[in-house]
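Just so it is clear, A, B, C and D label the chains in written order, and each chain counts residues from 1 on its own.
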Amino acid sequence: MSQLTDTQSEPDHRGLPIDRVGIRGLRYPVTIDGVPTVGTFAMTVDLPATQRGTHMSRFVEVLASCHHDLNEQSFLTMARTLRSRLNSTRSCVELAAPWFVEKLAPVSGGAAMLDYELHWLAEVNGRTAEFTQTVRIPVGTLCPCSKAISERGAHNQRGVVSVSLRRSKPVATAELIRLAEAAASSDLYSLLKRSDEKFITERAYDNPVFVEDLVRSIAEQVRSVPGLHWYRVEAENLESIHNHNAYAMIEGAGKSAKKRRPAG
Amino acid sequence: MSQLTDTQSEPDHRGLPIDRVGIRGLRYPVTIDGVPTVGTFAMTVDLPATQRGTHMSRFVEVLASCHHDLNEQSFLTMARTLRSRLNSTRSCVELAAPWFVEKLAPVSGGAAMLDYELHWLAEVNGRTAEFTQTVRIPVGTLCPCSKAISERGAHNQRGVVSVSLRRSKPVATAELIRLAEAAASSDLYSLLKRSDEKFITERAYDNPVFVEDLVRSIAEQVRSVPGLHWYRVEAENLESIHNHNAYAMIEGAGKSAKKRRPAG
Amino acid sequence: MSQLTDTQSEPDHRGLPIDRVGIRGLRYPVTIDGVPTVGTFAMTVDLPATQRGTHMSRFVEVLASCHHDLNEQSFLTMARTLRSRLNSTRSCVELAAPWFVEKLAPVSGGAAMLDYELHWLAEVNGRTAEFTQTVRIPVGTLCPCSKAISERGAHNQRGVVSVSLRRSKPVATAELIRLAEAAASSDLYSLLKRSDEKFITERAYDNPVFVEDLVRSIAEQVRSVPGLHWYRVEAENLESIHNHNAYAMIEGAGKSAKKRRPAG
Amino acid sequence: MSQLTDTQSEPDHRGLPIDRVGIRGLRYPVTIDGVPTVGTFAMTVDLPATQRGTHMSRFVEVLASCHHDLNEQSFLTMARTLRSRLNSTRSCVELAAPWFVEKLAPVSGGAAMLDYELHWLAEVNGRTAEFTQTVRIPVGTLCPCSKAISERGAHNQRGVVSVSLRRSKPVATAELIRLAEAAASSDLYSLLKRSDEKFITERAYDNPVFVEDLVRSIAEQVRSVPGLHWYRVEAENLESIHNHNAYAMIEGAGKSAKKRRPAG
């Protein structure tokens, strides 16, 4: 083996460091916070101006050795291991995956899994490491304007809420799901009997929300989380009166982040 | 050029004809029935057991020379040209493309384009040629069960209806759109003012339909089209109470197709 | 509950039975032949002309009770349970899911998972049940024409082979993967060291195949499988010289299927 | 109409301004720099803390009145019109669309369209407006390591280069395409005869590039563009030896951006 040319380690003369180099679109079976699922990974490091190429196989070696039982700590460890294994200054690991919760129907109590989406990002820069967690939560939304102006009914639709945050300690995924579902006109279920359908229909009619209302209500809660550095809340409605979507987004620093800057 | 080996024309000894060979996923600017759009094409022919490979460049030559001003006739001509250019027995051209109609809001009259999807299929076998047209139409649907059991409101959502048919003469796309939109709880618009939103909300509430109702109502109309050989009607609802979809499908021969076979 | 109107059970007067009605796009955590993964399900039944709607919640109940430890037998059982639970004549369950195999690099022996795709279809009609299995296998293909006409190099690319079959007894997924990978210029790996890359590059250069060659070689093997009723082999190359794909397909009855019809 | 409640204009008491609110996923026929195509639009504005909702119909009115003959100037005008029409401080218009160039095969000279992707972003903040242009260019890449270590052949694949930049004056899309294609192992074509395939195969073999080489070569050129404020260059290879992709990215300020800040 030692005789094979190491083209990647050749010097490069263009004088340009590379911000991110690595792999994308790698699907791997993982368990996230105890839930077995399939993740799609992107893993990158920076590359100094003097080196021509990175060593792509090491990214997969790091993943293959670290993918079991992912949680926020082991995910950050994966990114730190990547940085050290590639002799780089910065590293970045991204993971997108469906994630499941067993939900009980609100009246009949029937149980079935509902699918959410996680997007996790670990960024390591020297000795600092940062974890950004995102949960995408499908919800039902009923339009306040349609309800107010119509003599009967109100248009409603499926929507998706995304809650992202960076914090000293991550928030439990189940807690972010609870926040988002509580702010919607109704949450969604895989299994509903007629008694449940009646309950959800009336609950949605009694709790109309615009995408604007959704992101404000959730942002109000999220920004008060202790130790929060940054957050973003998005909502996108698959409008039932249009073939396009309605969208709203709020982002900012947490309230505690502001408190840390007395002169700001 | 003549000295370059023609690997494709070599004989093949496995004794297996190939049902379809050609290209897929080729995007090309086209005009369909007068509407400028972008099509994604798949083009195939059959290949006899004795020949190793087809000539891929000829598919693109046929497309490049035939893509202007597509309508049912020119599209069938493209498939016939393909068959003859590749010296094959059968040929097949598929086209998927967004397609636009200017719609006026039902009360305010404001104008904007709404996007539909076309899927066209031309199959040539010897001297016979067949054209299968599909239109995908976004609609609004309101659940009859939810309305019946709830004291107020009713869940509704965006859905997609697909109407496919084969007929001696194609039906105008605008006519298939009209059929599908008339069967839904409401049609969709890109541009709606509050007066329109009130109108649509109440119209949807007054016209609840299951996916089952949608496909039955549309099939009733489509199967009576004179000269129809085959049809399929599908409906898929992006349920606003679930994170999965409701689906229904009817397919069959046209009424006139049956009449043509007195002994069958 | 009993007082809630059962809109779905109302009679329908249009006289049109529905071929397929049910749910689509339902993601659920599953284990397939021992591999934990995430499946996307479609489940349908037929509906008689006399009944207005199906009962959508029962589809999810069947899935929720049957999704553990899926294999061909338990998957067919799910479809049979669905038919009986919905009092229908026919039922259909479809499952699409990534599926993983640990592969060892051909020279260095390094281990990592590679992702494939399964598509399973169970169709029940009265007392007969049929299982159609499809495996999608990513491969490397090197163009024989490019190699033959060029003084150096040959274009090659990632491709995807799909093998589908119906048989009295299903074939092991690993066996279909082996067949497809053996017919390609090279198989793919998640983890490769330089010694492996050299091996694969040279192996691909020594084994050039068109999409036509791929489907013929695989079809030759698949159609000889004892007890085969039907098969389809497809190959699609993400051409490295085009921005579109090359495609080939062979389908037919198995050799044993023909033998069973002496008078045919 | 005047009697319909204007729910959106109600005051909001949560004290949270919204960073972005508007519409997404709206497909519309457009002509971009003279090329007819189909765009997918996202349009947003900010919303003050005191106002409950935006007026969604105005976004579509702005698009419907401005979508003809888009170029950088008319696109910025659309964003400025949006801001003024919605009485907002900031506005944002995004457009993603395929875009076509007729290419001549390098030896035979045969002509056919090749598809690229544009992503345009106009951001207006008060009186300042900024245009970010991105072009995605499909290319062929041949691995330098594979070539160096193998006795014959070298793995190669389709890749996608993305070039993004902000500049006082936009760069012609055709010029960005030329830059990216010149840095790749080979550019791609829709229509190639055998003489062309030989030419491209040998050219790619003679010009091996890693994703790292690609982004460096292109960044070298792009950052020297006069008047450049910011740029990003990305490359992603659909590796023919893996089922995942290789990726590299460089971003930074232009050389002239630095020169403009003598005190920086």
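Heads up, the rule we're going with is that a contact is a pair of C-beta atoms (placed from the backbone, for glycine too) under 8 Å apart; a residue touches a chain by one contact, two chains touch by 3 or more.
This is a predicted model, so every value here is computed, not measured.
The chains that touch both subunit C and subunit D are A, B. Comparing the contact residues of subunit A and subunit B by number shows a mostly shared set, over half of all numbers used being common to the two copies. More than half of the contact pairs at A-C come back, by residue number, in B-D, the repeat among C-D, A-B or B-D.
Centroid distances from subunit B, each centroid being the mean of CA atoms, peak for A. Centroids of subunit B and subunit D (each the mean of its C-alpha atoms) stand 30 Å apart. Computed from the mean C-alpha positions, the centre of subunit A lies at a distance of 35 Å from the centre of subunit B. Per-chain CA centroids place subunit B at a distance of 24 Å from subunit C.
Those residues of subunit C in touch with two or more other chains are numbered 4, 6, 26-27, 115, 145, 149, 190, 192, 194, 198, 242-244. Against subunit C, in their complex, subunit B makes its touches with residues 4-5, 7-8, 12, 14, 16-27, 42, 44, 47, 52-54, 56, 144-145, 148-149, 210-213, 215-217, 219-220, 236, 242-251.
Those residues of subunit C that touch subunit A in the complex are listed here as 1, 4, 6, 26-29, 35-38, 57, 60-61, 63-64, 98, 100, 108, 110-113, 115, 190-195, 198.
The touching residues of subunit B, when paired with subunit A in their complex, are 114-115, 138, 140-143, 145-147, 149-158, 186, 188-190, 192, 194, 197-198, 200-202, 204-206, 238-244.
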